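The following pair of complexes shares a single chain, chain A, combined with chain B in the former and chain C in the latter.
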Partner chain A sequence: MEATIASIVAAAAPLVFAAVGETITEKAGVVNLSLDGSIALSAMAAFAVAFLTGSVVLGFAVGALLSALVAVLVAFSGIRLRLNQVAVGFVLTLFLAALAQFLGNPFVRQPGPSVRPMAVPVLSDLPFVGKILFDQNVSVYASLVLIVVVAWVFRRTRIGLELASVGERPEAAHARGISVSRYRFGAAAVGGALVGIAGAAFSLDVKLGWSDTQVMGFGWIALAIVIFGGWRPIWVALGCYLFGALQVLALKLQPVFPGVAQILPSLPFPLMIFTLVVVNSDRLQRLGERFPFLGRLLVSDAPAALGTNFEI
Partner chain B sequence: MRRALQVVPALWSVLAALVVSVILLALAGAPPFRALGLVLDGAVGDGGRMADTLMSWVPLTLAAAGLVVTFVAGLWNIGVEGQVIAGAIGATWAARTIPGEGFVVIPAALAAGVAAGALWALAAGVLKTRGGVNEIFGGLGLGFVAQSLATYLIIGPWKRAGIASTSGTEPFREEVWLPTVGGTRLSPVAVILALAAIAVVWALLRGTRFGLRLKAVGANPASARLLGVPTEATILRAFALGGGMAGLAGAVLATGIQHKLVPAIAGGRGFLAILVVLLAAYRIVWVAPIALFFAILSVGSAQLQLRLDLDSSIGGVLQGILVLFVILIGGWQALHRRDAEEP
Partner chain C sequence: MLELRGITKRFGPVVANDGIDLDVPPGSLHAVLGENGAGKSTLMKILSGFLPPDAGRIRLDGHEVPTGSPRAALRAGIGMLHQDPLVCLPFTALDNFILGREGKIDRAAARGELREVCARFDFDIDPDARARSLSVGERQQLEIARLLSLGVKVLILDEPTSGISSEQRTKLFSALRTLAGEGLIVLFVSHKLEEVEELCDTVTVIRAGRVVGERALPCPADELVELMFGDLVVSSARPPVEIGAPALRVSGLAAGTGRQAVTGVDLEVRAGEVVGLAGLEGSGQRTLLRVLAGLEPARAGHVEIDGRSLDGSSYEGFVAAGVHYLPAGRLEEGLVPGLTIAEHLTLAARLSDWVVDWDAARSRAEEAIEHFRIKGGPDTPADALSGGNQQRLLLAMMPEDLRVLLMEHPTRGLDIESADYVWTRLLARRDSGTAIVFSSADLDELVGYADRVVVFFSGKVLADLPAAELTADRLGTLIGGKVAS
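Take a look at the complex of A and B:
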């Protein structure tokens, strides 16, 4: 049991990076649809760099940088060029996935360096949680810290509040002297870097090595989980772990019910759709108004200005 | 976006895309111009290859024609990939269950594909109009559901006798295959269907009340509603029509190309069709030539793998960079026009 949960936490780490990163970007009102391609490119580049230099850290850095640049390009095309962010993001998705496949060809299924496990002394001996939270590697620890930090930033800090205001009511934020563009570029860069780290974590930690089929679809799953989690970091992270649990379940069911096992990994999508329908239903909205606590728990809308281009 | 295909950005983009691909090919250690020559030769070098390219053009054009309808109505029908899969599933169901001669079963299979694709798209439409689910994410979700459904059917209820493998269902009876000509894989019926789809969408947008309503809803749904356009019905019809054409693409893939259901039956063609329509700037007359160009790139790239041991994804790279440059350069020029106009 502990070992299973520990493996879920470890396997979900890349998804946590990507989904929480995209949450940050979307909170500011920018929608970076390019995730599936960005993750592929960063996974390939991170592995290639680590393979050629022997440095895993450098691999992560290059992966983060590339996806941050992509996210900034999406933001730029929306903010400066006033193009449709969805269109640019979608084209980038296909383009970058093909590019990663093309450039990564020499590295396919090569054995290469990876993140080493590193148990935290003392804490890893704690009963139950020790194995799950403190007997992992740096990449997994970072994913756990990230969830807490991002949730805290959004809830407790000025930067978090201002960032959300830019995504909800850019005109109001602008009137209060907040630089809408700066926040949006910043959120795109930070969120994009996290997406890149997700890619690097795939090829240097979870899946070990590069092949174009192994990261396919994870970007779309991350985008779905952001909605499923209602743009709230902790809920988004829980969505990632739920997905990880479904994958483990699918693996265990494979020998018994091969058909069912094929379907389970796509479950986040019906779940996301179901969540959206329920959250948007009048009845739940009314319930939320009557019981504010329940409302805060269940109802969470998209940032009001998501994907729109703000012009001064 | 409508400006995207002005001639100048298009020319610059083709040039830029060419330069980038030459650099990429050089990086990969391949002689760039020989590689481009191989692509052309692989796509149109002889009759058989031309037939293959045309058969790759048909589903792409069908899906793209349907997408023009939804895009004109302002809908981002990313679920098109799932609608292609749904169409293939519907056609496979008909091909497997309906007994009789080909001239009965083939039309039935194509119709079943249209129905399944339309249904799948309508689901995204109802989720949008009634459930408040953005069509991008609803469609994407339904796409993954369609993909899982196909895989499930292939290794579950429709598995080949004795073995459950993801290599596909049992091939259909030969009477159910789309008839071909000249010893190639070219099916005239499929080509006629694609041309008909273009003509239908062209006529629809050009001279019908429904076409006008689509444009009104696409331009501004709120004012369209105020002016008495039945917004929801228009959106749902656009989805049904677009999805039906995508479903037909899936049916052609199943009955005319694969002759069975395989998990990767759509193989990204729906997504590629979105690129075609973006490059065409939503104009139906441009869909056929651009889809042909894309089909040439896709089919021809396979030669690079065989002859130069290059990854065939170079075709996708070229398509992607071309569309990206057209959109970005178009936006850049619009920006400079605006800057010039503002004193």
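Take a look at the complex of A and C:
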């Protein structure tokens, strides 16, 4: 049991980086739809750099930088060029995935360096939680810290409040002297860097090595989980772990149903859609209206200005 | 002393502000008066830094205020309450109060400050309520409290009385008087003469982007109207009414939930009759109109049009019975932003052809534009029209044969000329036998145009009176009198 949960937490780490990163970006009103391609490119580049230099840290840095640049490009196309962010992000997804495949050819299925496990002394000996939370590697620890830090920034800090106002009602932010475009560029860059770290975590931590099919689809799942979690970091993280659990479940069921073994690994995707449908169903929304506490817990609206370009 | 010099702003070919100069001494309640689209809002947005001007300078107490930066304006002490209060709806009142402050967040201290300002001006705002659940008037109070806590010396209010209750208006006016008494400059932007006369000491009239006159108040109303419009507009007199058979009959109606609920509504409207729905915002008028339009189901009771029951009927059923609804949110609910006048009229015509004959559509649009005096061309998008012209377009889109016409705030936000025009068209409909039911927050409009006024209070009909027995004052006490008890 402990081992299973620990493996879910570890396997979901890249998804947590990507989904929490996109949450930050979308909270400011920028929608970066290029996630799937960004992750692929960063995963390939991170592995290639680590493979060539032997430095895992450098791999992560390059991965983060590349995806941050992509996210800033999406933000720039919206803020400065007044293009449709959704269209730009979508096209970039396709382009970047193909680019990763093309440039990554020499590195396919090569053995390379990876993040080493590193148990935290003392804490890892705690019963139950020790194994789950403190007997992992640095990238998993970072994903856990990230959730807490982002949730705290959103809730408690001026930056968190101003970020949300920029995504909710940019006119209101502007009227109060908050720079809408500065926040949007900043949120895109930070969120994008996290998406890049997600890519790097895939190729250097979870599914060691590079192949062009290994990260396919995870960007889209991350985008869906942001909605599922209602743009709230802790709920988004829970969504990631739910998806991780579904994946582990599918893996364990494979020997049980040998006839449909090929289908099972793709099961988490439709199950995720099913969860989204339930969470957003009218019945649940009405339940939330009747019981405000439950409503706040379950239902959360998108930032009102998401994907729109602010002009004064 | 606030000094504006040569403020100029162009939007494409339109000159919204053309070299405007303005001087306001401290402690003034100064009105900026003008019809819709005269350039008042633009000028105020420039003053508050929200919009950058193309030319011009602003000085406050002898210091130059950098233009085009809301933060610089706030630091200099200039704050603006926008027409639609700029609060973030999912945020709590407290978070909206804090938002924009520099430095670290201290919710406990801010809560105390908010309470203090609210207590001082008798504002009633729960710091933990979501802004979404606050009425427009409460959002306004919240914004005023926020600006005061930032220590503004110039408080700009852009059309602050549209969409608030008369009780809130009274509170607002007394707060503004107090503030001016303390030496604040209050700039009150409005197109409503009565309010300006009631509240302000001095007035600057703006027409087509220029200052056309400054007066000390009181000053003869027709003089101000002449400044605003160039020539005098006479309100249409009410011709006698010929009332026919009952067109709409409502009995024991209950609908809606929570604050929007109505119960036990009985109402009969005869062909050619105009019935006004009065009451504080959200007392059930909107829910009733939406049920009668077929947009919301009734929980109990009956609705009949021309004696035919429409219980449980779909929206299409109501439309087929000859019901038409013009909502308050003209652009949000009534029109499609981005579609042109010609496209709107084509949609409304419900043609059965597969292929749209755009030449014909455009010439039909030109006819309608001339007939309804819409300022725009067939290819002007609806969202580029002013409020008054959007309402004219909605009137142009109404079907020919109507039994019951439902309207929510038919003239909200319109200048005198547009409002008068809208009513001319509506009364023409009435003369052809259409029953009209409208809700309004403007007491003069209710008393002036309705044959009967139905007063709502918390979801129930409080009174149903012939308008001839009412004055705006009496109606005001009727609405407000019950509030106190």
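Methods note: the second predicted complex is superposed on the first by the 278 of 312 C-alpha atoms of A that agree within 3 Å, B and C clash if a C-alpha of one lies under 4 Å from a C-alpha of the other, contacts with A are read in each partner's own complex, and residues count from 1 in each chain.
Please note the rule applied: contacts are C-beta pairs under 8 Å (C-beta built on N, C-alpha and C of every residue); 3 or more make two chains touch, one makes a residue touch a chain.
Everything numeric here is computed off the predicted structure, so don't read it as measured data.
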Next item on the list: Check the residue A:I263 against both partner chains and state whether it touches chain B (first), chain C (second), both, or neither.
Entry: first
Next item on the list: Give one of first, second, both or neither to describe whether A:L123 is in contact with chain B, with chain C, with both, or with none.
Entry: neither
Item checked: Partner chain(s) touched by A:N84 [first = chain B, second = chain C, both, neither] -> first
Item checked: Chain touching more of chain A, residue-wise (chain B, chain C) -> B
Notebook entry, point to check: Just chain B (first), just chain C (second), both, or neither: which does A:V145 touch?
Noted result: neither
Next item on the list: Return first, second, both or neither, reflecting whether A:L52 touches chain B, chain C, both chains, or no partner chain.
Entry: neither
Notebook entry, point to check: Which partner does A:L251 contact after superposing on A: first (chain B), second (chain C), both, neither?
Noted result: neither
Next item on the list: Check whether A:S165 is in contact with chain B, with chain C, with both or with neither, and answer first, second, both or neither.
Entry: second
Item checked: Intersection of chain A interface sets (partners chain B, chain C) -> none
Check: Which residues, counting only chain C, touch chain A once they are in their complex?
Finding: 48-51, 69-72, 74, 80, 82, 86-91, 95, 98-101, 103-105
Next item on the list: Quick one: which bits of chain A touch chain B in the complex? Just the residue numbers, please.
Entry: 33, 77, 80-84, 86-88, 90-92, 94-99, 101-103, 105, 212, 217, 220, 223-224, 227, 258-260, 262-263, 265-266, 269-270, 272-273, 276-277, 280
Item checked: Partner chain A, residues of chain B touching it in the complex -> 1, 24, 27-28, 76, 78, 127, 131-133, 136-138, 140-142, 144-145, 147-149, 151-152, 155-157, 164, 268, 271-272, 274-275, 278, 310-311, 313-317, 319-321, 323-324, 327-328, 330-332, 334-335
Notebook entry, point to check: Of all residues in chain A, which touch chain C in the complex?
Noted result: 156-158, 161-162, 164-165, 168-169, 171-178, 301, 304, 312
